[in-house]
Every structure is written in structure tokens, then in C-alpha cells.
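The letters A, B and C name the chains in turn, as written, and every chain counts its residues from 1.
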Amino acid sequence: MKQERFDNSVTLQMVLEALAFATDVPVSAKEVCRVYAEVVGEASQPSEAAIDEAFRELNDSYEIGGHTMRIQYWAGGLRMTTTESVAPFLEAFFRRERRRHLTKPLMETLAIVAYKQPATKAEIDAVRGVDSGYALRKLLELNLLAIFGRADIIGRPMLYATTERFLEEFGLKNLDELPNLRQAEELLGDAAFNEERTRLLMAKGLDMGDGDPPSATSESKSKS
Amino acid sequence: MMYRVQLQDFEGPLDLLLLLINRNEIDIFDIPIAQITNEYLSYVELIEAIDLDGVAEFIYFAALLISVKARMLLPSPEEDEEGDPIDPRQEIVERLLEYVQYKNAAETLDEQFKQRSLLFTRGQASTPVQSMMPEQDILVKRTVFDLIDTLRDVLENAPEEPTISIAPQKHSIAEQCEYIRNAVFAQEQISFSSMVMGKTRYFIVVTFLAALEMAYSGEVFVSSAPDGEDFVIERAAGQAFMG
Amino acid sequence: MKQERFDNSVTLQMVLEALAFATDVPVSAKEVCRVYAEVVGEASQPSEAAIDEAFRELNDSYEIGGHTMRIQYWAGGLRMTTTESVAPFLEAFFRRERRRHLTKPLMETLAIVAYKQPATKAEIDAVRGVDSGYALRKLLELNLLAIFGRADIIGRPMLYATTERFLEEFGLKNLDELPNLRQAEELLGDAAFNEERTRLLMAKGLDMGDGDPPSATSESKSKS
């Protein structure tokens, strides 16, 4: 633990690179600044903008130099990974036969929590139409979800939320980076759909509905 | 009998409803409720008959569909506080729409997850990858309901009385797993109907459940033809058979 | 499970780099060759001389590019490490990391003993306003505190003092190097000893984790 004299030629960019390389958790820009200032001397505390610049310059220089490392901005921090291009070689080395995968019930449950968080089990069950107890336990075990607290309603049910690990495993900087939840009408290929129209259709549907022939359905579909 | 496999691990009641809506090319905003209820019930009856676990939620939705169907027949429409007519199908439609959204979000996230897992961090060798994802993916191409379609067809042609009598000692799931294992070990892949040709209904059902079980544990890959007439059980790629 | 087509532009040098990065055990040249051949196609099995060349070229390009990684070719094989120049920054980072793992009760108790030593449990409890039995046992276990003897008062209570290990881990030459005592006395006289102040007090390098394995490993990793 003897404190070496630090080398004057060490730049912020080099410190960022070394930290992103050596740690096994994402390192926040703030943390890089603190460490840099601590070693170099309090006066030199760099701005987070300087970190941003260093981060971009590093990735550019890896690309230009034909290197296989990239620095990612995940879970609010910086972390070094390999590029996609070498994935087949690393998979062969680690003999990873199967890509990491979450089963459908786990992925659905995780998606619901990610977008609704914090969410109770009852809310999740309602969306999926099935019991999500097993999926929730599994996701807690995998540390992709955590208990956020208890809801202030009857029974004080537990609230689930996603973890930092979730962000990291999904390559997200923060929750704002979650892909937009697409509207159901868009997914159903119905761009013209809007709430007004549903209400209209719903009202109109009252006098049809029962065992109506497919032609009626396909007709209303073609209109949409 | 306790099965490890729960139906809801494959698909839930909302998946079945969406499947029926897609298959019949129905406008989700104008569901012919009688037709859908009947079709839905035909699946639930079979699922109940073969005693597949996790049927409770399917029955709940069946009851919901039946009540909607009944309310559709009321002479005067129900109204909300403002006097606007309420479509009894509204709740089901809203739930389906919400579910569709999250199903899509799950797929998007899954894609994101796969992309991310192409990037390796340091120390990957010392972190056992399996500890992150301990679960096998369920190896069923298309949906479990397509498999149930096949089962229905096969059972209709089975040489026995229409009632399915459960005689627990005759064939166990474990025995039928072994039967499937030997079959796919000998010929890589085999069709379900050829495996149960001329067998009793009970044999057919237990073999079906065994196939689901093995697909669930990732031991075999089950894929069904688009017409749902038959399905093929094949050895999962890279799967070592542990006897 | 599906094997993607590998990217044609991936060279042996890139594969070597990616493997040296992603593993944290040394990879033998033979293994690099095997993996490369496996993915690219058996015919292309590279020679170990090619590995030697790739290894040298990589290190040259890191040096020219001002990067802090180097590939080491030790008996066991190839592995990536950081340069010596950034070692002080990595050490500072991992010390900070460990401090984050030090619970508030442990930090307070340690600070009080450091300034008041030798101190009895009753004295420590009086400052903290709570029982410090658990914290003291934990700090003894961590070998940051030791029993100094017994006080010459009624009951002959045990006296606690900091250890050599404490100095060593905290980067202090001796106890005189502790931050300003007057400032510390002010803090210690205040019953509302809050976390922020503890941090202030500890800031000058009084940072030490509770000896938990993760940080210990990450540190040894950084040095490797």
C-alpha cells in the first residue's frame, strides 16, 4: 500500500481507460473524476464533460487502431467490453453453446416491471393473465429485479423494480434508454386507430358481436 | 399427479385468445364473442381432460368470456355514468391490447439482451455464465396450442371410448419420457402421430405430456406444422443424453 | 445456439486481443490458435510464431496510441494488464470502493478509536450514543483494532487501539498523519455524528473496507 508518485504523463483519458478496463462494475464519470483528482491533486478535478470527451476519443482511437475493445456507458457508468465482431471467437473459447436467454415468462415479467415500475405482483399478474410468482422469484434471484418497498394500499404488497444489474445486462445507460413502449394499435398494424375510434367501434359493436360472420369482421378490419 | 410442467410456462390464456383472434383474422376491436368463446372452451376442455397443470387461469378467462357473451345478449345495453353504452367486451379488449404491448416490449428487450450478450466484459471465464441464466429455453416452435390441436386430432382417431380414463399406474410420464428418448435417440426425429399410432388414449395423453416436459427442460425440440396436423419431436442440438 | 457467420475482417491479432482481455486467466498461444482455427476454418490454423508477432504488434500499438493496456506473455500464457503508470489511480479507486463497503457504524467506531485511543467501549458508546459491541468485534476481526490492555478503573474495561494494519491499509505513516485533530475533536464532541462528517473525517485516506472478498479480489486483479 505504499503510495507511488504518480506519473505526470498520465492523462484523464488514460485513467478512464484503466478504470473501465480494471473494474468489474461500471464506473461513474464522477468516480473517475474523484479518483483522478485524488491522485493528481485536488485542484485538477476534471469536469464530467471532459470525461465524455475522453470516452468518445477512446472509442474512436480503438476503432481507428483496429482494436476490439470499446467503452460502454451502462447503468450510469463506464465499462470496457469487446466488440460484436469477435463474439464468435469468444463464444468458441468459453464454449458457450447457448446464448444467455431468459424464458418467455421471465422476459414478459421483466418487461412489465421495467415499464411500470415500481409494480406490485397483482399488477403484473393482471397484465399477463397468469400467476407471476415463480418468474418474480427467479428474477429476484438473478438480481434483475429488487424489492423497492411496499405499496401504500391495502395489504401493503411488495413493489418490484429493476436493478442496476438489469441496466448492465441489457446494455442501458439508464431507464430513460428503455425502448419506447409501442402502442398496441401500431403493433396490430392499425395506424389509423385512436381512442375515439375504439369508443365508436365499441358502441357500434353492441348490435353485432354474437357469432357474426367472418365477413363482417374482415370488413371492419379493412376499414381500419 | 404433479407435473413439473405448467401450461402457463408455455402460454397463458391471453396468448390463446390472441392466437384465436389472429387465426380467424378477427378485428380485435370487434371480437365475435360467441365464436371465440366456443373455440376457447374447446381448448380448455381438452386441457382439463388431459389434466395439464395450470389450467385454473384458463378457466377464469373462460368464465369471463361466458359472462361477456351473456351480457351481449341483454336487450338493452349497460351504460356508464354518463349514459354512454358500455360494450361488455371492453375489459377483454383492453386487457388484450395491454398484453400485446408488453409482449412486444418483452421481445424488444430480448433482442436487446441478445445484442448485449455479444459484448464480453473482462473476467468472463471466472463468472459462470450458467449462473446468470439457469433456465433452458422451452423448445417449442409455434405455440403449445398447435400441439394441442394435434393431440385433439390424434385422440379423435384413437381406437377407444371417447372418455379419457386416468389409470395412474399404466404409463408414467417418466416411462414415456424414456420412450421418447429412445425413439429420438434412434432416429434423431420422429413425428408424434407415428409414436402413438394405434395406442390407447391414455398412452397418447401421457406421451404428449412427456413430450411437453422434455421440451420444457430443453431435452427435445418440438415443432409443429402450420396446419397443426402433426408435430415432430427431435433431439435438441448439442443435447447430451444422460440416460 | 445459432452460429453466426464470423466477420471476415477479424484478424488473428484481434482474436488474441479479445481473448487476452476477456479472460482473467492466462490463455496459451495454442488455445488462441485453436479458437481462431475453429471459427475461421480448420485450414487456417496459425503458427505460434504468428501469435508472437501479433502479441508484439499489439503492445507496440498500445504504446503508440497512448493506451494503458499491455499484453503480458508469461509462462502461463497471454493476458492483458494495465501499465504501471496508472497503478496509483487504480489503487485509489479500489480503496474508495472498499470504503463504500464499510458500514457507517464501523466507520464511526474506527474513527473514534483512532482519535481517542486507547479507548474503552463505554467511551465509544458515549460518543456514538449506541452500543458499539458488534462494530468493535467486527473491527477486531478485521485486525483494524486490537486490545491494548485494560483501563486502570473500576471493572478494568478493555482498551481498544488501532493496529499497524490500520495504518498500512489507510496509507498513513503513523498516527500523527491523521487529519487535523482539532477538527476531529469538534466532530467527536458532537453527538449528532453524521455520515457526511464521518466521511470528512475519513477523507484523508481513512478508508478501509470490512475486508470483504469482492473488493479484495478486485484489487488483486488490478495489480495483476
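Quick note on the criterion: a residue touches a chain if its C-beta (ideal position, glycine included) is under 8 Å from a C-beta of that chain, and two chains touch if they have at least 3 such contacts.
It should be emphasised that the depicted structure is a prediction, and the values quoted were computed from it without experimental measurement.
A summary of chain positions shows that the Cα centroid lying nearest the centre of all protein Cα atoms is that of chain A.
The largest tally of C-beta contacts between two chains is found for A-B.
For subunit B, the chain with the farthest CA centroid is C.
Taking the mean of the C-alpha atoms as each chain's centre, subunit B and subunit C sit 50 Å apart. Subunit A and subunit C have Cα centroids lying 28 Å from one another. Looking at subunit C, one finds that residues 1, 18, 21-23, 221 touch two or more other chains.
Among all residues of subunit B, those that touch two or more other chains are 120-125, 238. By the touch rule above, subunit C contacts subunit B in their complex via residues 1, 18, 21-25, 221. Against subunit C, the residues of subunit B that register as touching in their complex are 120-126, 237-238. Across the complex, subunit A is touched by residues 8-9, 12-14, 24-35, 54, 57, 61, 69, 72-73, 77, 84-85, 87, 89-90, 93, 95, 97-110, 112-125, 129, 132-133, 135-138, 238 of subunit B. The residues of subunit C lying in touch with subunit A in their complex are 1, 3-4, 6-7, 9-11, 13-15, 17-19, 21-23, 27, 31, 35-36, 38-39, 61, 65-69, 80, 82-83, 85-93, 96-97, 168-169, 171, 218, 221-222. Within the complex formed with subunit B, the subunit A residues making contact are 21-22, 24, 70, 72, 79-84, 86-87, 90, 94, 96-108, 110-112, 114-115, 126-131, 138, 142, 169-172, 179, 181-185, 187-188, 193, 197-199, 201-203, 205-206, 208-212, 214, 216-218, 220-221, 224.
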